[in-house]
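Heads up, the thing below is written out as structure tokens.
Order of writing sets the chain letters: A, B and C. Residues in each chain are counted from 1.
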Amino acid sequence: MSERTPLLLVEDLSVSVASTGRSIVSSAGFALHEGECLGIVGESGAGKSIMTLSAIGLQPRVLSVRGRSLWKGEDLLAMTAKGRAALYGRQILLIVQQPMSAFDPLIRIGHQLLESLRCVSPRIGSQEAIRRVEQALAALRFEDPARIMRSFPCELSGGQLQRCMLATVRLLKPSLVIADEPTSALDVLSGKEVVNEFMRMREELGVALIMITHDLGVVQALADQLIVMRQGAVIERGGPHVLTNPQHEYTRYLVNTRLALAEAFTRLTGNGGGRA
Amino acid sequence: MHTILKRLLADRMARGCMVFIAMLLALGVLAPVLPIADPTAIDITGKFQMPGGGHWLGTDQLGRDIFSRLVWGIRTTLCASLAAMLITSAIGALYGAIAGGMRGRVDAVMMRLADVMMSFPSEVLILAIVGMMGPGLTNMIIACVVAKWAWYARMMRTIVRRISDAGYVRFARVCGAGEAWILLRHLAPGAAGEFFVLVTLDTGSVVLMISALSFLGLGVQPPVAEWGMMLSEAKEVMLQYPWQMFWPGVAILSTVACFNFLGDCVRDAFDLRHAGRDGQ
Amino acid sequence: MNKFLQLEHVARSYQDGVSLVGGRTIWPLRDVSFCIHEGERVGLIGQSGAGKSTLARIVLGLERPTRGRILMQGRPFEAWRRENPAAMSVVFQNYYESVNPMWTVQAIVSEPLALLGRRDDGRVGALLKAVGLSEDFAARYPHQLSGGQMQRVCIARALIADPKFVIFDEAVSSLDVSVQAEILELLREISGRGLAWLFISHDLQAVTSVCSRVMFLSEGAIVEDLSVQDLAGAKSDCARELLGAVMPFQSGFIDSGSVS
């Protein structure tokens, strides 16, 4: 157990529907340190996204949240909305599942990225801002950043849009990136690129990462520690051994099905897949 | 379809609205045989009476019984509105379904025509038509139809196109379903449902339109009872005898509101994912 | 084995932009030729934009090819479709959109039978059981089912009229990984029925678990076509790229039981 203050410490977080009291998440918790990657796995509907969004105060209005969520020691849930808003973008960044809906369809990508940059550095000169955006896009392996900047979201594929979202991480340099099923809506090639980018991001920028996904392969590639959620509760937690040696019956089921999915392929190609 | 009806009947609000409308229609239909005063019987000496005694809601400036005029007014206002709504939606639905089904150039030409109609502000168009053709109930209905059919056509065309592109229609085609099958089994029920929601929601505005035209003297002519015209007559004595304006106003308001609420309930009933108001 | 489906130099083009002013012609499919034999389970794999959706629509008969021809059991495509109604079926990617939301599961699954003018007589119940759902699902509506359950219903619907050929168009791509594994196991169970199928996907793991042969589609043409046994020896760039894109997953946990 590290002695540093965790970047984000969530304790006993419970989320329920405000009007009916129905529980969505019960007593969830985790500790995330700087530069660490936490994987949150479970099936759709397990409450992974809601728990994470509630922990940073972005839960849907119909839900009520109880518990503690400490960001660098300060209680996020007790903060004013304005106080939290100061953190979003600058220190905490959210990558959503559907890259198409992350961008305004009527505005070119370049403008939207510049806008995000200006939120964090309002006094930056326009030449310098454009240079930084192009640099960030180039780091995402785009061959022609200028063309990407001129494009509208509908002209790019899902994978390309997701990489543009990741470019904002390099522009804004937050302390924490929350990625909510970033590869689920993408085909395997784009998904692999996105996962590789997350790996590079962690190495080069040292950002902490919360990776919410139902794909155990992604989690195994990235996570230092992980929690398994089912029907709103955390049923297992730990380091990578949770996947290699699962204890809880449900975790075993998840691992089992993932292995079954890869079984034929592994047998035929002799390995569990290639390297990037 | 009967599931939807069941859901609708289980909704308290919907039941209330349907009962209210049914009651209105019943009163209107039975007006000649009900034991109420003659709506056109003038009694100058008995004018501006307060509610009570022989006149439940009082009398108007010519001594006519307001309650009776309200009931007889149902026949004019509500029936004219329903007739206008039926004709408009029938024409609009047919036009839009053809455009949406034919696609291509036919669709484009038909929709441009509809766009031209929609570019006229509907109130101005109605006034112009009635102005040209002269006042009267029939002309009022014609004017409403001309003003509104294009909107319904466009709505129906959108619905038809969306359903034609749906995955389940594609599946049926792959299985060898002909156009007739798709029309009868998927398009017609799906489109009818959504269209019905629109129609219910919009009936209130037609009632308002008819009343407004009569208020302006462009609809029915005296001594026929009609709610909008009753308002018009009452506005002359608004300050001295405000009760005369109150009753037709309440009648219009409650009828329009009732259709609006019913439209909401119908829409909720069609949306199977919606839990239903009373938690079902 | 007899040839069941044959595509010969099929190509498809669209006009992009307003053709009056002079739009570009796009060729999502440039030259596709392949053949599926009776009872064969073939996978078609390619990236987004390779032309998979266009090819799927053409094989399903929803679009006509600009060039080339399609033969089913030796007969021209359109003629075969007329002579064999409901002999071809499909399972789409978006399971909620591919069913009529106002119909019960019973009505949805029995639609192909109704198209043929046949009555149900218990087939719906039998098929629901065969896909792992209990018979009381027949009275439910689509919005009451989870994604995995809905896709099982779609599979039941695809099989009810005893088709000779089923196309799975990214049928598992929208499902959770754990549910994908379950559906793929279901497909393996039903593969004994002797029907030919075309399994379209962007995920090589899914394709290898249910197919005996795989075709790689890239930029509108089939670049490689080999048996899954020979997969490790694939030579084309497209195939090597897709092979390398599979996320590895290792675990020391070995469970001898089945997936469900």
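Assume a contact is a pair of C-beta atoms (placed from the backbone, for glycine too) under 8 Å apart; a residue touches a chain by one contact, two chains touch by 3 or more.
A quick note: this is a predicted structure, and the numbers were derived from the prediction, not measured.
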{"item": "Longest centre-to-centre distance from subunit C, chain (CA-based)", "value": "B"}
{"item": "Chain pair with the most C-beta contacts", "value": "A-C"}
{"item": "Mean-CA-position distance for subunit C and subunit B (Å)", "value": "48"}
{"item": "Gap in Å, rounded to a whole number, between the CA centres of subunit B and subunit A", "value": "51"}
{"item": "Between subunit C and subunit A, distance of the C-alpha-averaged centres to the nearest whole Å", "value": "32"}
{"item": "Of all residues in subunit C, the ones touching two or more other chains", "value": "none"}
{"item": "Multi-partner residues of subunit A (each touching 2 or more other chains)", "value": "none"}
{"item": "In the complex with subunit B, residue positions of subunit C that touch it", "value": "60-62, 81-82, 85-86, 88-90, 92, 94, 97-102, 108, 111-112, 115, 141, 143, 157, 161"}
{"item": "Complex contact set, residues of subunit B against subunit C", "value": "1, 166-168, 170-177, 181, 185-186, 189-190, 193, 272-273"}
{"item": "Residues of subunit A touching subunit C in the complex", "value": "43-45, 157-159, 187-192, 195, 214-218, 220-221, 243-246, 252-265, 268-276"}
{"item": "Residues on subunit C engaged by subunit A in the complex (per definition of touch)", "value": "47-49, 146-147, 176-182, 184-185, 202-206, 208-209, 228-229, 231-232, 241-255, 257, 259"}
